[in-house]
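Structures for review follow.
Two complexes, one shared chain (chain A), two partners (chain B, chain C).
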Partner chain A sequence: MTREELEKAILAVFRERFEIENPGLDENLREEHEFDSIDAIELLREIELLLGSELSRDEKKKAMEIRTINQILDYVMALEKGTVR
Partner chain B sequence: MTGTDRSRRHSMAGPVRDVWITLLVWSYFTAGFVALFLPFYLLALILESNREKAFQRLNCSFYQGFFYLVRRLIPTCRWRIDPAIARVRGSVVVCNHVSYLDPILLISLFARHRTVVKNRLFAIPLFGRMLALSGYLPATADGRFGGLMIERIASMPGFLKNGGNLFIFPEGTRSRNRRIGRFSTGAFKIARNCKAPITVLYVQNTDRLFAPGKFSFNTREPNTVCLDVVDRIAPDDPRYDLPLDDLMEDVRTRLVSFKRP
Partner chain C sequence: MTPRRVVITGCSAITPIGCSRENILTHLMEGTSGVKPLRSDGLLTDHIQSGVFGAVDEPIAYDFSRSHRKTMGPVSYYACQVAKEALAAAGLTEEFITSGRLGVAFGSTHGSPTVQREIYRTFFGENAKNYSSIGAVDYLKSMVHTTAVNITKMFGITGRVLSSCTACTTSSQSIGFGYEMVKFGMQDAMLCGGADEYDTTTVAVFDNLLACSVDFNDTPHRTPRPFDRLRDGLVVGEGAGALLLEEYGRAKKRGAPILGEVIGFSCNNNGGDLILPNIEGITETIRLGLKDARIGPADVDMISAHATATKMGDVIEAKAIGSIYGDLPRVTALKSYMGHTMGSCGAIESIMTLYMMQEGLAVPTLNLDEVDPRCSMIRHVRTQEQTRIRTASVQNFAFGGVNTCLLFRRFEG
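What follows is the complex of A and B.
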């Protein structure tokens, strides 16, 4: 999946699951859209569906620090390459 | 003794009684816990396969004991607990919040319960461990709480499906003026993610019994603590699928306009 395709897919998840329309790619989601840790965990489920594989506990913990769409995209791209630490 | 002396002594007796009863009640929390409950917690820790369930039941029993003592020692306070609360199962329970007594009152009413606890409380030695073993959730997933939050949220659908209740004060903190504050979204998101009903409770007058910022219980003023079921929003209720802000506003409006029958 290219970064552009992934961006489309993630923005669709935000629109449909979290009622957040077109967030800026570098907006702080927590501050601007009240995107909290419960949403983050729900987003991880959606990412698992997108990737078709389960994330490990460490991979999920890493995602708790994410704040922006660009960071989400970096995270998922790294997951696809297997470079999330 | 003059009338003035008698009047002064009488006016002193009230606050002294407040402090005395408060000390008795709080000693239940320390000596009472160690003498009556700690052995059972240790047994549960060692022997129980489902520690979370065992710890929740013990917490419930401990706070039932606390409120039994409060009722006996403070007869000026009456209690009106809606009998429907005993039948609440598998629900996300939201309630207004006016006193430190509110969370422990709800713990005493639900044998199987989870709730959200401030992160700093998890850091208190032993007590924090007890909170974690009880299945409680940290308020945020920052830093070392990320793993705990992930585990708790992942297991929440099963917990609710098996009849447990998750109670949350959506205002996040106690109201100091009795007005219902702005809601956080967490409780409503969890309910919808788990497809669990939302039960709305309204608590009154726990703040008159134990006021925010005060050391002592108010043992003299006639008071009635009430806890009522205001609403229940099941997943098949049309309001359940409203945009999140509208759902929260609906619940908040019902709490604001609630009049006890």
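What follows is the complex of A and C.
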């Protein structure tokens, strides 16, 4: 999946799952859209569905500091490459 | 401290016979039943003998934001909607609501069974990968105190939280314990009530105990039949009710609408069997309620009986009422209109009783065509009566042997 394709898919998740329309790629989701830790866990479920595989506990923990769409995209791209540490 | 007077300054209900005061009163006066055919759930309904349910079918226009909706199962939608309407009716300021002087006493029978069922479907599904599909918020949506804390979250309430979960006495306890909180100065106001959503698990449980109505599956409006010779059991229902209880002096000072006064509450346990109705326990509850209200039996004009329409429960309750009150107060059984709304029944029946007190109206027990001779020692309301009701009692009893009695007085300034 290219970054553009991934961005499209993630934005669709935000629109349909979290009712957040076209957030800026570098907007702080927590501050601008009340996207909290519970939402982050829900997002990880969506990412698992997107990738078709379960995330490990360590991989999930790495996602807890993510605040922007661009950071989400970086995270998923790294997951796909197997470089999330 | 000197006990304080406690008044009701707002209320709201979602019921099988309507969600507004006007609709509820209209259906009570017209004798319209809210009992309908049991909807299939593709799981239990094929095995349940009872084919009736007190279902809420009036559309409700929710306008909750996503940040609130995400932790709410169906039961919390009901709870937050009636809480919102009761708060609005009471006209409380945001400053007071968030001051810590307002608490919440709200519960349900067992949280959200709809969400719980989805969790178990995931646990016991064939695909192990489904495990990861358990939602982060599923517990928050389904836990037993989900109604109370979703209310606190939605309105920023920072006072005490009580979440009774005693089945059929859930919301009568909420009102009673909330009343005591205000009466003894722990809080200046309490938002009290209960809710339960459409749930076939509850039907299956009562059905298995042979406690559900089965003889009127083709004519749902003819059941339940409290105190009637042909009664054959209870009808499970759904709904919600909320009452805003407030210290009288405060309510008067701010010019709040005062809908009625809570003057007494009692709660006890039968101290024995968890299912069988117990005349000693129920009689004692009534006696304790009157004592708390500092009134005698002759002061009570009307009783809203628990009266689920089970064979023994109604007889025991009628005998208990008869032994204390004789045949003086009017007795009506509001479950005859909507079934047994479980954890919300105490709040809903209290609200309906308040409406009747305000209107000077006593509605009859629906489907009471021929009084069971074993229940004939009390004064059943058989036809609609215009009458002044100054003091009324609301009785509720639950599995586990829990009994409650609430006493209300019409507010006359």
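Everything below uses one rule, namely that the second predicted complex is superposed on the first by the 85 of 85 C-alpha atoms of A that agree within 3 Å, B and C clash if a C-alpha of one lies under 4 Å from a C-alpha of the other, contacts with A are read in each partner's own complex, and residues count from 1 in each chain.
What we mean here is this: contacts are C-beta pairs under 8 Å (C-beta built on N, C-alpha and C of every residue); 3 or more make two chains touch, one makes a residue touch a chain.
The model shown is predicted, which means the values in this text are computed figures rather than measured ones.
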item	value
Partner chain(s) touched by A:61 [first = chain B, second = chain C, both, neither]	first
Touched partner set for A:34, first chain B, second chain C, both or neither	both
Partner chain(s) touched by A:48 [first = chain B, second = chain C, both, neither]	second
Partner, of chain C and chain B, that touches more residues belonging to chain A	B
A:22 touches, of chain B and chain C: first, second, both or neither?	neither
Residues of chain A that lie at the interface with chain B and also at the interface with chain C	19, 34, 38-39, 41-42
Residues of chain A touching chain C in the complex	18-19, 34, 38-39, 41-42, 45, 48, 54
Chain A-facing residues of chain B, complex	140-142, 146-147, 149-150, 153-154, 184-186, 189-190, 193, 243-244
Complex contact set, residues of chain A against chain B	19, 34, 36-42, 44, 57, 60-61, 64-65
Interfacial residue positions of chain C with respect to chain A in the complex	66-67, 70-71, 129, 132-133, 135-137, 140
